[in-house]
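Structures follow.
Both of the next two complexes hold chain A, though its partner changes from chain B to chain C.
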Partner chain A sequence: MRLAAALVVLCAALFALSLVTGLAAAPAGQSLKALAIDDGTPLSLVMREIRLPRALLAVMVGASLGLSGAALQGYLRNPLAEPGLIGISGAAALGAVLAIQTGLVLTHPLALPLSALGMALAAVLLILALAGPRGGSITLILAGIVISALAGALTSLVLNLSPNPFAAADIVFWLMGSLADRSMAHVWLALPFMALGWAMLAALGRGLDALTLGEDAAQAMGIHLPRLRLLLVLGAAASVGAATAVAGAIGFVGLVVPHLLRPLVGGRPSALLWASGLGGAAMVLAADIAVRVLLPDRDLKLGVLMALVGAPLFLHLIYRTRKEMA
Partner chain B sequence: MSLLSLENLGALRGRRVALEGVTATIEAGECVGLIGPNGAGKTTLLRAALGLLPASGHSSLAAMTGAARARAAAWMPQARDIAWPVSVETLIALGRLPWLPRGARLGEADRTAIGAAIARMGLEDYRKRIATRLSGGEQARVLIARALAQDTPLLIADEPIAGLDPASQIATMQVFAGLAREGRSALVSLHDLGLAARHCTRLLMLESGRLVSDGPPAEVLTADNVRRVFAISAFYEATPQGPVFQPMEVVR
Partner chain C sequence: MRGCVRPSRVIGALAALALTGAAAIAQPPQRVVSVNLCTDQLALLLAAPGQLVSVSRLARDPASSAMSGAAQGLAVNGSGAEEVFLLRPDLVLAGTYTNDATVKMLRRLGIRVEVFAPARSLEDIPARMARMGALLGREGEAERRIAAFRAALAALDDTPPRRPRAALWYVNSFTLGADSLAGDILHHAGFANVADEAGLAQGGTLALERLILLAPDVVVRGRDYPGRSRAEDNLAHPALRALGVPMSAPLTDRDWICGTPMALDAVARLRELRLSLETGR
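Up next, the complex of A and B:
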């Protein structure tokens, strides 16, 4: 409970900090007031149309990645599992890349995220068909590898056949992942999918706890594994698909956050679900503040920073694990 | 009252017949040992009885819904497989899952069952230890306690005493025999025929997927059966301290 309170306070503080961070310099109090009351000033416009959606999306994307990562690790009983494993983020990225390449992106502000969501949906149907009706985890991993590889290959193909370097550069930058220049329309587009996904993943706690003892024992404790896997895939796909559609591919959050928080919840997969949701939100909020503070005029991409921070963080985890095993 | 009834149970592993025509009933108050050489189908029988693999014939447990079955029988698989570094107490508390309504916290009855399971397996000093950091034998005792905490009429365990030291083996068999005296039942697969002879009220002997003998240890562990099924000779005597069974030589 103390962990929950600490994570909520951390998220709230980072959320407020995110709101007052940006190019338009104004005192924090004045900024927040302009957010609360629409007084028609440019500051009010900045707060409501640029900073608020950005902070909200950081929370939503981070929570989706953290929650999905914790659920996937719990289901696969493997601390190295992450949301990208089942290929949904790769497929969503392919959808976005196709929208940029075909010029669809110019027809409507939401054409890109909608195209990404459509491809994520196609991937989820494919993964369920490939993984088969039984509840096993191996077939799910294999199906995820197939879809990731296929989506990666097709993304490279699009880049390869790109008619001009500008389109290729657009694609590459989008793939790096960012929350800059998003609007409330992005928030409203992603929210229903994410909320649905969160609800499905949050329902898995009991089954994931039972899986601590293995698939056989969990089944004997009354856990219906095929249903658990279906909820997991649909929940992760809805939330991560929507996250990728609005923010691009952001790695490491779903891998590192559950890893960091696991000891703090006593290893219980059910407790790790909500903790990783909050932890993911805090991590993406912090990183999205950092990209604006570190290089304010260079548009440092969120996904790049996350990888830069995530890799050494993981190195530290390896070091800790090795010390424990020694 | 019968806690498990199997009628003509059969199962395939791949294309091979791993289990065929097994009919048996387990009543309340029995400690039943399932014996047979490697590959005889002991694990397949236990898993088929629980409905954990596709099987022909009928098993009263497999016919239940998952939730009802989890309150009728606890299952301890052979693999001592603990995925996360949870405390011993947390791990044993997992046994209460079938009794907890969705989202509910552990209640008084749950704590009593967990405490009783910990006491039975002598794990009082281990409550706060991290389960994954224990030795193999200690983990086995914790996993047995987990199954006991499920508080079901029937406990089914696959080689629960493999890898335990002699004292833990005897203590664990005494726990199973104690369940039987309380009117619950245990069905455990075993390789130690001596312990099976001493502590089980009844033995089921499997040979190549078929049930070849079913009865009290003295009737099942005959020189003839042991020679034919296990290819060993053995010393068997009923002493005032209970039956003594000692495998002697390999016979071919």
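Up next, the complex of A and C:
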């Protein structure tokens, strides 16, 4: 419980810091007051329509990615399973791009998250089919490489075929992710799907704990494995799909966060779930603050920063599991 | 190696160069090909009938080209060295941003290529027209157009006592300041440009947050392109609507990306916008 309290405090502090980070030179107190009370000034508008949705989305996207990473790793019993690395985010981005470029988004407002969710679902199913129930590292990573590469290439193809001269520049956004200039509309669009996904993934705790003893033992303990798998697939697809639809594909969050928190929860997958959700929110908040402090005018992509943190850790994990892979 | 060339050869080469130069002056080019949207329009404006053989593909796009109608009758090219060479031009008109490899290749093949830099102000436009007129041997036509341009510009210039503050706001939160043609058009239409207040005289990214805190009197939006892209989301952000300032109808590129006399239409339209703001107040 001490960990939970610490993570909540960390998230709250970073949330407040995210709200007061930006181009406006207004003091923090004045900014927060303009957020609380709409005084009709441009500062109020900036706080309510730009900074608030940005901070909220950082929390929601981070929680989705952290939670999905922890759940996938618990189910596959493999610390390398991460939505970005194994192609779920990439596939979701492809779904979002298809919905935008075919004009589906104009026919129905939910077309964007649903299309991203659909492609994410396909990617999760493909990963589970290829990696098998035990999730061997080599098959998992190879399958992930294939799905990521294919999704990335198809995303680039669709955007290059667009008659819009700026669509090709969007490739960076969809592959790297950014929270710049999103609005409350994006928050409301993504929240229902994410909440549904979080609920499904949070329900996995007992099953994932039992699964650490092996599948037979888990079944003996009354865990219905097909139901567990269904919840995992739908939950990961819904939360990662919605997150990617509004913020692009942000990698490594689901890898770094569970890895850092696993020792603190005694390696229990059920505790790691909520801890990674909170930790993911803190991580994306921190990364989104960092991109604004480092290059205020340039919209540095979140994925760039996450890769700088995540790639060395990924190498470390591969090094540690090399015996299994050999 | 260079020192080994015999003087007589150098003299011969210089003489040949002088002769071709003299020939070019004496006889205007007969097969002119333009590979840049802006030189397309200047050439369409000034060339003698039949002198211009081909223009770039963009010249026919009504959203980009103010002379798309005049370009319909001409062959279009994709600005590649191969297809341009096959048109057997005696003069190729290119822009500074034309692919450098294309320009070098054409010059290596012995074709005369003239490169035009983009206009940065309305004052650049008469200079561009004079140069194009001289290249095409159409000095008289150019002089006539320049005089008309100056007269029309003078008629539009009525600097108001207080300039309303406008922001030029394009896809990807891009803006342009005083050191650009669009910025100069805005200035001549009687506006002050908030990009200059933000220190972006050359243009650059004006983040949505900064735009809102600058609180301009009017936002002049860039054009909407066909298809969709996330890069255009900034033009429709709810915060921009909530700011409650008038937003001009999207202006299309054709009026002000090229330094042609058609830029005056943009001045006139923006001036009308300013006058309507003043009466509305």
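Some observations on this one:
Please note the rule applied: the second predicted complex is superposed on the first by the 241 of 326 C-alpha atoms of A that agree within 3 Å, B and C clash if a C-alpha of one lies under 4 Å from a C-alpha of the other, contacts with A are read in each partner's own complex, and residues count from 1 in each chain.
By our rule, contacts are C-beta pairs under 8 Å (C-beta built on N, C-alpha and C of every residue); 3 or more make two chains touch, one makes a residue touch a chain.
Keep in mind that this is a model prediction, so the values were computed, not measured.
Of the two partner chains placed by superposition, only chain B is touched by A:Q219; chain C is not. Contact with chain C, but none with chain B, is seen for A:L43 once the two complexes are overlaid on the shared chain. Taking chain A as the reference, the larger set of touched residues comes from C, when chain B and chain C are compared. Of the two partner chains placed by the overlay, neither chain B nor chain C lies in contact with A:L85.
In the superposition on chain A, contact is made by A:D209 with chain B only, not with chain C. When the two complexes are overlaid on their common chain A, residue A:L56 makes contact with neither chain B nor chain C. Of the two partner chains placed by the overlay, neither chain B nor chain C lies in contact with A:M194. Comparing the two interfaces of chain A, the one with chain B and the one with chain C have no residue in common.
The part of chain A that touches chain C in the complex is made up of residues 22-24, 42-43, 45-46, 49-51, 100-101, 103, 105, 159, 162-167, 169-170, 173-174, 180-181, 183-185, 296-299.
Every residue of chain A that touches chain B in the complex is listed here, in rising order: 77, 206, 209-214, 216-217, 219-224, 262-263, 266-269. Residue ranges of chain B in contact with chain A, taken from their complex: 47, 50, 52, 65-67, 69-71, 73-77, 79, 81-87, 90-91, 94-95, 97-98, 102, 130, 143, 146, 150.
Against chain A, in their complex, chain C makes its touches with residues 171-173, 204-205, 207-210, 212-215, 225-234, 237-239, 242-243.
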